[in-house]
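When the chains are written out, they are named A, B, C and D in that same order, and each has its own residue count from 1.
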């Protein structure tokens, strides 16, 4: 039930441009909403949005009563891109896991913060900043959380050498 | 003159020895008792039943370096442990262990013990302030507000007893209760029908006055690390520790004298010092038992208990007793 | 007002119940094991550090294939082998013989991947748990030497 | 007690709770701005035991990564390992024999009881009562003995394998577990009388540290913290995995939102876990404990996989991004206490320090799990 309404609401962001459902995550694909096989992937909706659509997409989920699971990044060094992945889930029995992802160029990794919508995104964003160097524009306190205070390295980048 | 001086010296030495021995072996008893409650053996390696543990602990503490934190108020820091121990020892002077055993009997014994007891709060305040540690300061402020609020019901209850017995002399109070347990102050009489409740109030207050669990807010280890003695090591800590146990002995002795007939035998036979010791050690065992059963109260719960429950009831009891004394 | 007194009464009652429980516990026997004086037997599946297993002749069963070394997540096994000529039925054959088997126990996480990946049953967990030392070198085990010591 | 207060900024002082402090149960630091005993503002500082498990996940093969998972949460390690093996099995499409899944569920629930028992003891110790900790450890010891006999370790188990288990349970284990259940129920009654009913304990927790359901949602709190705020969320029920649909158990939910509610949730959960263990032992099918073709050198298909499980502390999630190699391209661990602890900063504002530290205890923190 919530699956369809959320899908429609997210779909509306893209005004019709729907990518093929068969495209695998990991390989480059266009922005849009995909439904995933829960049995295999463990989540239902997979939406790749442009950076400027991010806040709109998260707001949709916030209004639909989703809670934030985590935020993380992936370094796609071959495509010279960084990906930020947002996981959302629900407390009720209308199970629906939504993944929002957005891709940004590696040399200018800036995404808007969603800690204004979800207060709990604060630490997740700080952690992602620690590990990938992704800057969250508008974040109130973007200092290293898990790494030392003076850390200027980003260990989960694929070109990181210890 | 010289005989009096000798008397005083002997009395002080005995008082210090008694206090120190009690403090040392009450620690052992507490550790063994706590261990039994928790189904462990407790200290049992050094000597038979671990009886050598307290002296060895003492040696360990004495051989440690006395550290004074940088920026601490040196004088207050050094004075505080002494101030914790000394009043407790002084209080022993006036406690009558039996008819003939008392270092110095005073007509105002009750007053003197309370006067010395309130100096304990000062020791904690000095220690907390002098250590220059935020936890210590918070702990000492807590402990002082606690001591102030529990001294009131304690004193009111003591006054009730003093009124009933018509004396502030501890010996006289004990003697007034002689001749079997039905004469003891703990049991209700015509003049004081609420005495059992008074006893409970007095007991709770002496727990709180000695900063024992569940009222150990001054050292609240899970919140304030170790409270007012966080920065103390070596014998500074040792003195606080001994002072605490000496205060427990004082509290138990006072409870025994005021409510349990002092050295009187429950059945009117063989009165003597053994009855007194039996009573105070039973009370101390209860102290230990309580400590290892209950969690700690909160600071507001503690103050609520004092101001909303103990003080009204003890005041009511005082007025009732006064009225009944006037009528009958 | 009634609530005031019933609160006091119920509160005191709950305290007495708690004291009753600790009182009963006081008289129950202790449950601890006095460790250096008493010890427990390790269970059969206890995973200590690994040991080499000897065959009937006392030589290690290990054929130095290196599976354990590759499986180890922490890289704490290092082994080496030499080729020796042995005579089997009058013919000289080359055979790989284990010459070194070192375990760096400081890195080991006792996961058991090495034992699981060994196809020859040549290593197994020991039941050793008294492994305290202040020196790091004490945890670099030469398993081959330990095996010889056990054989002796 | 926890009413907000007004004060001038120059009247406050900074109190560093931690990194070494008895109440933080590990190396966690909370920088508190205090006004006397009231907290004005708190900032949690993490990362003192950060070990970068996620990078290790990229460097090691999936099988080599197994021991890492039990190093996350040393009290309830099996739950985390369960999540990992389930994620790999889901992605690689490995079928697990039923007996193996039953044994997994039984051991996970035993581990959950052990974890909650230790939490219970430590929590009461936070409040100043020491004896319950010892009683809890006694009961926990039985569980650890049982798990040691099966898995070979007492804390960092590393027992599950992709497609099954490391080794089978024996009759001794089943007997011991059957003996354990009634004994544990008796102990739970003892705890209820000794601790839950105690007036001092109740006064310390009731109405203290309210965490609203909305706050839980914004911070992503799960597990007993969410359930103590009236949210009926348990991954075992909401997204059934393993053999949990076969079991009849309830999810305890309390609507008071205070520390007492969180405490009661965990105490009730132990009882429910015992029910699951009981049913599991009864239904335990015979058969193999490993898939017929034991998977070696697992390579996952290209893709992005997520698996959530309910651990003792909440919903643990593991995300594996695979590029088809034998180790993960990216491995993300979503630890429940990380989100649960996050709301502490906001929730403790205006609280007394002793209430705040009791609140912190009620969140059930395991620092290595938070820092990863």
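Operating definition for what follows: a residue touches a chain if its C-beta (ideal position, glycine included) is under 8 Å from a C-beta of that chain, and two chains touch if they have at least 3 such contacts.
These numbers come from a predicted model, not from an experiment.
Trainee: Between A-D and B-D, which chain pair is linked by more C-beta pairs in contact?
Mentor: So, comparing the two chain pairs, more contacts are at A-D.
Trainee: If you average the CA atoms of chain A and of chain D, how many Å lie between those two points?
Mentor: Going by mean C-alpha positions, chain A sits 25 Å from chain D.
Trainee: Need the CA-centroid distance for the pair chain A / chain B, whole Å please.
Mentor: 63
Trainee: So the centre of each chain is just the mean of its C-alpha atoms; given that, what is the distance between chain A and chain C in Å?
Mentor: 43
Trainee: Give the residues of chain D touching no fewer than two other chains, as numbers and ranges.
Mentor: Where chain D meets two or more other chains at a single residue, that happens at 131, 135, 138, 194-195, 198, 200.
Trainee: Any chance you could list the residues of chain B touching two or more other chains?
Mentor: Correct list: 37-40, 292-294.
Trainee: Of all possible chain pairs, which ones touch?
Mentor: Touching chain pairs, listed by label, are A-D, B-C, B-D, C-D.
Trainee: Given the complex with chain B, which residues does chain D contribute to the contact?
Mentor: 1, 13, 15, 21-23, 34, 36-37, 124-131, 134-135, 138, 194-195, 198, 200-201, 203-204, 352-355, 357
Trainee: Taking the touch rule as given, give the residues of chain D at its contact with chain C in the complex, in rising order.
Mentor: 60, 63-68, 71, 131, 135, 138, 145, 148-153, 156, 158, 166-167, 190, 193-195, 197-200, 202
Trainee: Which of the residues in chain D come into contact with chain A in the complex?
Mentor: Within the complex, chain D touches chain A at residues 46-47, 50, 52, 54-55, 58, 87, 90-91, 93, 216-221, 226, 231-233, 237-239, 302-308, 315, 317, 319, 321-323, 329-330, 332, 334, 338-339, 342-343, 346, 371-372.
Trainee: Over in the complex, which chain A residues touch chain D? Could you list them?
Mentor: It comes out as residues 24-27, 39-43, 46, 65-70, 72, 74-75, 85, 87, 89-93, 95, 97, 99, 118-120, 122-123, 131, 144-148, 155-156.
Trainee: For chain B, which residues count as touching chain C in their complex?
Mentor: So the residues of chain B touching chain C come out as 33, 35-41, 289-290, 292-294, 309.
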